[in-house]
């Protein structure tokens, strides 16, 4: 039975210091041909290739990165829609899939909103049935589930009387995305993963939905993992930001820090690539050249070294570990790691001493 | 950056000039007025950004300029003159020479705009051969030249690629090369960077700007991203529901938007929310249904400052500043904004 | 060179190595053309039934001392097509070919065809170069009729071709009036005149005879109309008017063949009641049936045609008499309102079955009228043969009370003995219905011991009379074995037989 | 959690029932605006009704033969459409013939729809080894040209209506299965199915509520397009003597038995074929109409 | 490309083996006795048993399959029970005739099918489209055996222009490309072409509609290509699929020719199959089906490889 109250905080287990979600060593490779002798699959898309991060209770983690860098895959892995090849997901102190937190229980705690508002709604179900589906599955009686669906509709700003009986094709994009949000909330999750949830919307509508998300978060005490490729939106939404590049985390840390003084050259390039808002201060030179490499055959060492201005010989050989540069700010760049051997890296302090 | 143009209508002989352009789609159950009276002028070497949300008629306007709309289902009204010629009056042969020769187009999805079963180089050569009547060999030579010009790495081998063998950014470069192949005077770019990643988008924008200057092209650049428009445009025209509601010098439109819709657009951007956690200013409601446009100003139903007069008739273009005009009755002398009025009271 | 192209009703050219396969009818195409039997059937007369005539044997007699021993005197000076001489050794060799599975020249395909047709042969031996003796298992005066099926192929050719019957089939050698010139399986066989044939009266009237298999009646008819062939077997009845209109001649003659229902006499079968058996026979409107066949048939009022010496004088006169039939049915306790319901097994079609389905459907209606409601179990002809062989007692035939095989009735064994002698029930013969009439048994036993042809005929007639009175079959029609000839074919003698003599066909 | 199972098992049908309103109503509405499809539907309805009520509308006994009235031309008094080779009334036989022809044409498709949907949806949704087993087996049958398979099966099983229906079903099952599998695989990866999975629903529930509703439509449309093929094939089997048996009226068989009449009564001989043709083209047009009615994105 | 072909070949192998199993079982699920055809109608039961042993029909099924499969691998399909000739030679001869007929029919079907398909696709929703689409629906809806009959009635029976049956003059069983034989192939080939015509027309129509609605067509127009130039692109795009459909149709015709061959007495594999079924000549039946199915499998493979070779979009591995 679902919790009758609408207060996720009541379900808190580990206290505020315990991260709500922590992910370590997440790996997912798609396809490829496995040799009969076992070992690494050949030609596989290394969509997610060793990702670690944590989301604290009540915060919003923004995830940015170029297309194909593995943002959605990470989300789907966290959501357990696809099984990771390796890695562990711990939710509020319990490993997902353990006896204490089986999949069914986990899925009431975490929900997801997809990018394509149309494809993520069953065209044959009415809005209220779509929203009520989750609760029904979890044993809420029909009448009650419908009632909750109506409440949720109201909550996401759609008048239940007008919208409850509609089909997805009778709604606008913004309205559909509201339904998707309502559906995700129907199970009263504590963590909501928003995978490009506003990318397909018009700017004027995007703002409405972003506002709605903020309101809901405040009202329901939610935690968000907010995926987007629009740095402005991430800046607006996120408390902390994770930058991904080709299946790996490039940098993760507080959003104001990362978006003001990035430590990873890729983050810097991303920021510099944002179109300027000032006609008198236009971008004069492209911060990066070329397209992101193919994840089937990612560059050796640091995956960014092929496009990095500061690349040096070592970058092609040594994969940089994700290391803290300051509290809660981690960077995977040899330059940020003293003594890494990169010419621009600070020398090791011990050595200096 | 310099962009000296300072009047809403460029001086001299305009290269592109539309007057009261309308497009109606009659194929469906109810007729759709996708473009409802667009006046647009564009001089040589000038880049106009056509800004607007999805469905506001930007693409249709571009297609109308090239007469690409399906003739059986779309009726085009008003006049279009490009390079001194009436586009509607072009004969079959002239039209073919006009397309690609005088006006070229860049599409949003370069992956879809190339024929998937022809080599990219051949598709460029094909256009050159058609327009200049040269041999295949010289067509390919031109393609190679252009590939190098748009900075496609190892251009010679890339000519033999099929579209699917190229990355998104490279395809868009190839698309630009194709558009420039026959040295057009006008370039129409329909959201050429929307499908691209931020790091690639900026490269393409810079490339376009560079080529525009080098070839002295007149460009109409369609986008829904104000940032992108700001980055490239000399002038900006904001479209809403098939109409240009505000146009003028880029700087003016961005800095002092005169139309409530333009203002709404600008302030609903996340980068305008200076403090995190504050709410964004939004435009309520959703874009209008083109089959049943309200009389008068189409934005009135969503406009916080709407008043009865708004639905009386389509507002005329009124100068908001020296270099920019908008279609909003608030600009009429003597009309006061409701917010101002309450403030005053 | 005169060429006659003949569209035959078989699906393929029958076996050419000696004993043809594809049924008795196939003997006329690759049997009696390429080969000769010791005892032949007279096929070049049209106005009366044929009789046994000398073939490769000039004379055959039963040994008066031991009536199981038959002495065949062989013809002199006969040569095979390959030039080797025909003699007693060849006959003995050929008998072993089909009857002795230990013999090196034994051919299982030929044997399978002819062994069942030579049931009486026990042993054989050469007496001298021109005389062969064959011993039968028991005294059997009809034995010479069996020898009709035994054809002689050339041992020398067999040796020349490396003792391979498949190769022999491609270049066969017999003593017959035709030689094989060309064989394309499923497509054609081209026979050419054997100018050296020993029987000058049977020299082919045409130089070349092309046999083209066309199993489908309509295709055959189409082919004749389109001029692809010069004559065909059994045209489709409905096309007869069209054929005549196109100037074709339709030749028919009485044939020893009967289309019938063979009724079961087993306990539980309604047909143990002779009234019902007779009623069925009376219910058939044979003239209407001929209408359906476009005249290509003759009413059957007994196992053989009244013109046959074996017909006799049955007291039960078979005719179309619905009133009488109804009366009989009523007497037996049934009526159209309270019909007798039963099931017959019939074939979908096939050689000899004429227009199987339409005829059966028509009869079904006729029987319904007198209060007998018949259902059909329709099977393929080959399957029907299995039913037929296994007899009505077999579990396969459970619930079936009649069987619809049409057959050749050319000789006493084939026409009468195998169906009506009580000793001929499965698996020996094809007394499918377990008919038993002691008087008939006695007469048939006597006939087997009788070597005088006249006396034989008398005995057969007596038996036939009794049989018709008992009505163990429903006799419907005799086939008339129709042939359609294009105007180009000027000569054709149609014997009163299932077989025709291809030597009689000629263009001028 | 006891309550969960009970409620859960009630939920989907209720949801499913509500599906009818929106989508299918729209499809029917669009279909009803398509004059070609409606004409085809009317013809099919007419033929079906005629077959059902054959005893009431057929002017004569379809089995009653008469040798003297055989092969009458069309328009003979008492024989509106002539008579066949046994003098039976063609009109009555054509009316009655619809019964067997329709059953033999439609039943295999229905069976194949049921079996094929089951196999295909199972394979498509389950994926993995189950998919491999089902689809490889299907591939084997798919490796036979359909007419060949139908004829080979009914040829070896032996003639007869049941065998013909079984043979045709076996022919169509792989085709339906393939379509069902590919549609299901597509649907399975739709975001809304993932969303349902994310909400913790079990596979059976997801299939019932989210997959079947979206998958059965396309499978159904595909299956309707098979009816025409099935009719032609079924009649073809009878035409070869592998389907229904005399004296049953069945169009294919009638066509066969009337073949010899092409010289004397060509029009009568062609009639059963006309019926097959009309029925089959009507099914095709209806199926096309249905397809485009379903294709329209509202 | 070679690797791709090999890959497909490996993929096809289990299917091919499955096909042999089905062919084998096909004969052994049959009721009745495989030997009835070989024996004369009145053979005794004893003789039947003898023959059964002689032909090996008394062994257990898997053993029979293994023996049979081994022989099949060596090209030995056994001997026809009815004629005693090797099944392989019989079938190949017949298949040759069917192949000729099916090829001609496919060619006719392809020509008209693409014509109608292009017209309908290009002029979507115009009356030309309606007409062409209607013709193609006719094509897929007509019972072709009936059409064959009708054509025979009209052109052979009534008008007498063309021969009604057979493959050539004098009952020739081998079709040769000469004037005399040409007359014979017209009716069956035209009849047979109706289905592929319909199928190809419908496919091409959908294909062309699909291609025309793609963005690149507009891009082609935008760069000033003439309608003919656009058409050339459409053709190139449609070709791989259209050719693949054509190839598959050829396969269907090869396997589905039995009805038409029966109507026209065309001495091909269908005719042979018909004979085999009704004579219960099981080795022949089995062999014919096996060869036709294998042909179909190989044709599918060829089509697959060819389509891949023609279409640069499909990745080859």
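For reference, chains read A, B, C, D and E in written order, and residue numbers begin at 1 within each chain.
FYI, a residue touches a chain if its C-beta (ideal position, glycine included) is under 8 Å from a C-beta of that chain, and two chains touch if they have at least 3 such contacts.
Since we're looking at a predicted model, the values are computed, not measured.
When the partners of chain A are compared with those of chain B, no chain appears in both lists.
Placing every chain at the mean of its C-alpha atoms, the farthest one from chain A is found to be C.
Distance from the centre of chain D peaks at B, each centre being the average of the chain's Cα atoms.
For the pair chain B and chain C, the distance between mean C-alpha positions equals 93 Å.
Chain D and chain E have CA centres that are 23 Å apart. Computed from the mean C-alpha positions, the centre of chain B lies at a distance of 52 Å from the centre of chain D.
Chain contacts: chain C has residues 380 touching two or more partner chains.
The multi-chain contact residues of chain B, meaning those touching 2 or more other chains, do not exist; every residue touches at most one other chain. Shared interface positions of chain E, defined as residues touching 2 or more other chains, are 32, 152, 262, 278.
A list of each chain pair in contact follows: A-B, A-D, B-E, C-D, C-E, D-E. Taken in their complex, chain A has these residues touching chain D: 1, 76, 79, 81, 103-104, 107-108, 110-112, 114, 116, 119-126, 129-130, 133-134, 136-142, 167, 169-170, 180, 183, 186-187. Interface residues of chain E facing chain B in the complex, by the touch rule stated above, are 214-216, 218-226, 229, 233, 236-237, 240, 311-313. The residues of chain B lying in touch with chain E in their complex are 63, 66, 68, 96-101, 104-105, 107, 109, 112-118, 126-127, 130-131, 162, 164, 178-179, 181-182. Contact residues on chain D toward chain E in their complex (touch as defined above): 136-137, 139-141, 143-149, 151-153, 155-158, 228-229, 232, 235-236, 239-242, 252, 255, 259, 262-263, 266, 269-270, 272-274, 276-277, 280-281, 283-285, 288. Contact residues on chain D toward chain C in their complex (touch as defined above): 63-65, 67-68, 70-71, 85-86, 158-159, 241, 245-247, 257, 259-264.
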